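You will see subunit A twice below: alongside subunit B first, and alongside subunit C after that.
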Partner chain A sequence: MNYFLRKLGTSLLNLIAVVVTIFIVLHMMPGDIIEPMAREEASRLGITYEEAYERVADRYNYNPQEPIYQQLVRYVKGLLRGDLGTSMLNPKNTVVSILSVALPWTIFVVSISLIISFILGMQLGALMAIRKRGIINNSITFYVTIVSAIPSYIIAIILSIIFVYQLRLFPKSGVYSIDVTPGFNMPFILSVLHYSVLPITTYVITSTGGWILNMKGSSVHVLGSDYVFAAQARGIPEKIIMRRYMKKNAMIPMITILAMAFGGMIGGAPLIEGQFQYLGMGAYLAKALGERDFILYQGLLLCISISVILANLVADLLYSKLDPRIRLE
Partner chain B sequence: MTRLLHSFKDFFKVIFRNRQATIGLFILTFFVLLATVGAAFTPLDMTVDYANRFQMPSWKHPLGTDYVGRDILAQVIHGSRDVITLGVVCAVMALGIGVIIGSVSAFVGGFTDTLLSFFTNIFLTIPAFPLMLILAVAFNVQNIWAAGFILAIVSWGGVARVVRGQILSLKHAEYIIACRIMGLKYWYIIFKEILPNMVSLLAVQFIGLFQNGIASSMGLMMLGVLTYRPTNWGVMLSLALQNTGIAYNPKGLIYFVTPIVCLALLQLGCIFFSSGIDQALNPRLRTE
Partner chain C sequence: MTPKNIIEVRDLTVEFKKPKGSLLAVNHVDFDLREGSVTALVGESGSGKTTLAFTMLNIVNTTGKILSGSVNYNGTDVLKLKGEQLRRYRWKEISMIFQSAQSSLNPLMTIQQHFWETYLVHEPEADEKKVIPRFFRLLEDVMLDPDRVLKLYPHELSGGMKQRVMIAFSMLLSPRVIILDEPTTALDVITQDYIFSILDKIHNETGISMLLLTHDIGVVAKVADRIAVMYAGRIVEVGDIFTVFRHTAHPYAKALITTAPSLLDTDKDKEPIKGSPPDLIDLPPGCAFHPRCPYATEVCREKCPALTMIGEDHYVACHNSLPGKGAAAYE
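Take a look at the complex of A and B:
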């Protein structure tokens, strides 16, 4: 319980720090982004410039003319109300509404990829630790080396050129076909899967390598420990030692890496989702950056940072559940 | 001096004994030569020449020409200079910040340690790539120093954490405690006992930072920020995607593939060399 509270407290502090950091970054933006919009609004509605400025600043929940601490108070108040302002290019869309559309798709793609690459990595990594030499080992090593040398966005580009533009097997953009009605029906589910195949494949190809290496290292470490030696001495069959002694114990440290991997994948999303025009957080981040829509950008950045903090918290708690030694610290 | 020469000789002896490390060193040397000697002897002509666009490889253009008739090989060579400089600038800065924060954190301890670790944690939490994107736009990056700084700002966190961990574990190592009991000076212990034990770790971190810096700088260029110079591989790649219609145009293939192959080779060189460097500088891994 104590451990739980401490972890929760750390996460909250971390969250506050991240909010302040993102606030500072946003306020380093050169120039006054509200001014031209206020000018435009003043002439359009026939009101004074000051009044228009106030209105625009309220809409974006951001007033660069206020002193900095007052801006921070305004920003945090907005956050607590769940108000992140509106998109600068399309004032009808609030940032929160864009988030609620985009976030589920990113979470969907990232978590499916994470599960697939985790399982693959655990199996192959354990295999590599057991068999030190041989064709399987060599080919896995070759794969890991190649994949770690090629950044994920390049794999995304190559996959999209081959499968989207040349073979035309997958759609160019979007998250599901316009012909299906969203809901729990077969055509919709199939369509969602069809649209997400390439982003998921890209993530799986690039992140499996890391899992293999981590699992191999951890397994080799466990194989060298005394209790494995003792089990061998008692004549317990190798197969059972591998499954019950080595794999289970070797997988425990992997739990903390899960959160880091999640953060890494979600951070790489602008390039990968952007390449496939898969309309999740990443694609919106890339779009907001291209259009210099900073209000939207900071909202998206904050949202993915929060999901990384949450992932870390979940990993920490899971870890303590799986490994009682941690809680006693 | 002779001692330094001796350890240099030792270093290469170990590198050459390891096949992977030799290949890595070879690749890295190749790119450094390309960036220095190659770039000095290759004229770069960026004038637009529509008549000669998308030419196949020939004597005059060993890798053909791009979508406006410029020589691809010359661009790649000059690009390598830019890419490598940026990688080194980023790695030096990030290593500097990381080592200072990590070592202060570990040596001073107490509240300073808690504060600095918390600070490090923030930078490890905010996803690096999106943060880099927004920083690059906010600072309106126009030169290599600013670009390196942006890359360093988001990547020092890992170094600080590793350095802190290593120093903490060394601080309580038996031979350091022995030094302290012998009454050796604090600075003597840091520079003569602790630092030599960190060299391999720092070298591996340096190469990792260099490698990641290059990969993410190319990613930033693909999204249209950090485009202060036309010959960088990342800019070439993004131009190839935008202007050659690469998905349907096989003629643009060389222009598109060249920066990718160079990037992959350079990354491979880093990976191989860093595995070797670890063995060369860490005597404990050298048991044979």
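Take a look at the complex of A and C:
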């Protein structure tokens, strides 16, 4: 069977497994969230508790008193209609509308951060592998050690203390200034960039270290391989060996990690987005969790899982493009 | 009337530092490679064959250090070559087929990309269209279908095909010497035979000098015209193949040759070489072979024998190799 179709099939199976798992795990959490709302509704509208319960359950398309398989059927039917439910604490907002607001910002910040830290990591990691000793190597090792020991939200706090509160260079919260009109115009784009500088910087500072070490390890491994030695014996200049032999081979596993990291980061980093009040997936995730907005939480998780599955699919396809050894399968 | 040497190794010592101590992989070795000959360098794993061969390309591994000596190729000391000069010397003058020929190719490049890359870095003015016929000829010489093979990636070739590609590759720049490090180790006997017939053909047609590193005495007898036996970093016997086979003088060489399996006699009377190869970090004093040598005498335990001429084009490093004594076989 076609490689692409087979991979697509696997992804679909993954998706089904994820939907069911998220659903079951979340429904195993104790407590009936509909109950307090039904009580409130019953006393407010003067109807019986049972009637109120029915109405609330219908509104959220979720009835914890039904047997779990019936709930699952109800949930999947909703999914197929593209209905992820409604935020419990803010019934005016459907989960889909929240996602459509939050997802683009997170994708924007995450992609730029990943591109920057990936490129930096590849270059510095390769450099470290080539120069085994020396100032560059020592200072990078020092940087990576420090940064990997500090949690990302601490870095977010440090950056906001310096650049937001002391130097007042960047805004405290939000994704763009209220003075600009969204659309394809210069002031809006500049504002968006301005507001994203600190979250991106935080991501880059915290994730570059990992890329450097990964790439260094991979490069050292490739440098020790027979074909690099053989290329030296053929009188191939070092520059070509580094580029065409070491970097290219060392980067193949990195590309897979890149796609997977992208999927993983769609969840945003709730603490980073939270610190800058940057309204992406992470910020909403933190909010949903804190306020026990169970439906929203379920929707966000599903969206993140889909991103991870998609990213894995892309990684698989990319991998087969980059490495001729995978191509034929 | 001595034949010309294309490579002359003089007093070469290569040291490897290990956590336990340092070892001399090549220990004050003198070695000549005759122009146009096929010389076999025979010895156990760890006897220093590969290290000696690497010095001829000046490509000794970073942990190895050349302590003394020179490797003269055509009047230049290869060990003194640096940077661009060294780069241009490699493959153009001497090429090598590594023991790990199976993994000597970049998995992300096709055979044609490999050939062209190497050609281009040595002949920057070259035009790819004009040299492709040359790639074709080289691959045809090793009985491969160039049309198909040039487009393939290394993993799409079988072991024997890869080995033949490497042979064609080693001839790419028409070097004057090819070093073959166990060229058939990972291959079955039929493919081995096939590879050697190809090498033989190339040698006959081009007169190229070959240095064959192996531990397979049978192969040596078939293809080589000179043999050098290495033990614990030293050359212990060297000479013309007929002389050495007929009048083997060093007890170790003798043991190597007589233990080689043969179809003509039984294995019953074959005596294995007793003991195990020496620990290179802690070599026995005197002759390194003396603990395993049936002819060892007092002097072997004290003094390391020097390589001495005992016949025409026949050199041995053994205290007991003079005619009439011990293993010596000149009647």
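Annotations for the structure displayed:
Everything below uses one rule, namely that the second predicted complex is superposed on the first by the 313 of 329 C-alpha atoms of A that agree within 3 Å, B and C clash if a C-alpha of one lies under 4 Å from a C-alpha of the other, contacts with A are read in each partner's own complex, and residues count from 1 in each chain.
Just so it is clear, contacts are C-beta pairs under 8 Å (C-beta built on N, C-alpha and C of every residue); 3 or more make two chains touch, one makes a residue touch a chain.
Being a predicted model, the structure only gives us computed values, none of them experimental.
Once chain A of one complex is fitted onto chain A of the other, the partner contacts of A:Y245 are limited to subunit C, with no touch recorded for subunit B.
By the touch criterion defined above, A:Y165 reaches subunit B but does not reach subunit C. Of the two partner chains, neither subunit B nor subunit C is touched by A:P199. When both complexes are overlaid on chain A, the residue A:G125 reaches neither subunit B nor subunit C. In the superposition on chain A, the chain among subunit B and subunit C reaching more residues of subunit A is B. In the superposition on chain A, contact of A:P151 is made with subunit B only, not with subunit C. After overlaying the two complexes on the shared chain, residue contacts for A:R234 are found with subunit C alone; subunit B is out of touch. In the superposition on chain A, none of the residues of subunit A is touched both by subunit B in one structure and by subunit C in the other. Residues of subunit B that touch subunit A in their complex: 118, 121-122, 125-131, 133-135, 137-140, 215-216, 218-219, 222-225, 241, 246-248, 260, 263-265, 267-268, 271.
For subunit C in complex with subunit A, the touching residues are 57, 59, 86-92, 95-96, 98, 100, 103-109, 117-118, 121-122, 153, 155-156. Of all the residues in subunit A, the ones that touch subunit B in their complex are 13-14, 17-18, 21-22, 25-26, 28-30, 145-146, 148-151, 153-154, 157, 160-161, 164-166, 263-264, 266-268, 270-271, 274, 285-286, 289-290, 292, 294, 297-298, 300-301, 304-305, 308-309, 312. For subunit A in complex with subunit C, the touching residues are 225-227, 229-237, 240, 244-245, 248-249, 322-325, 328.
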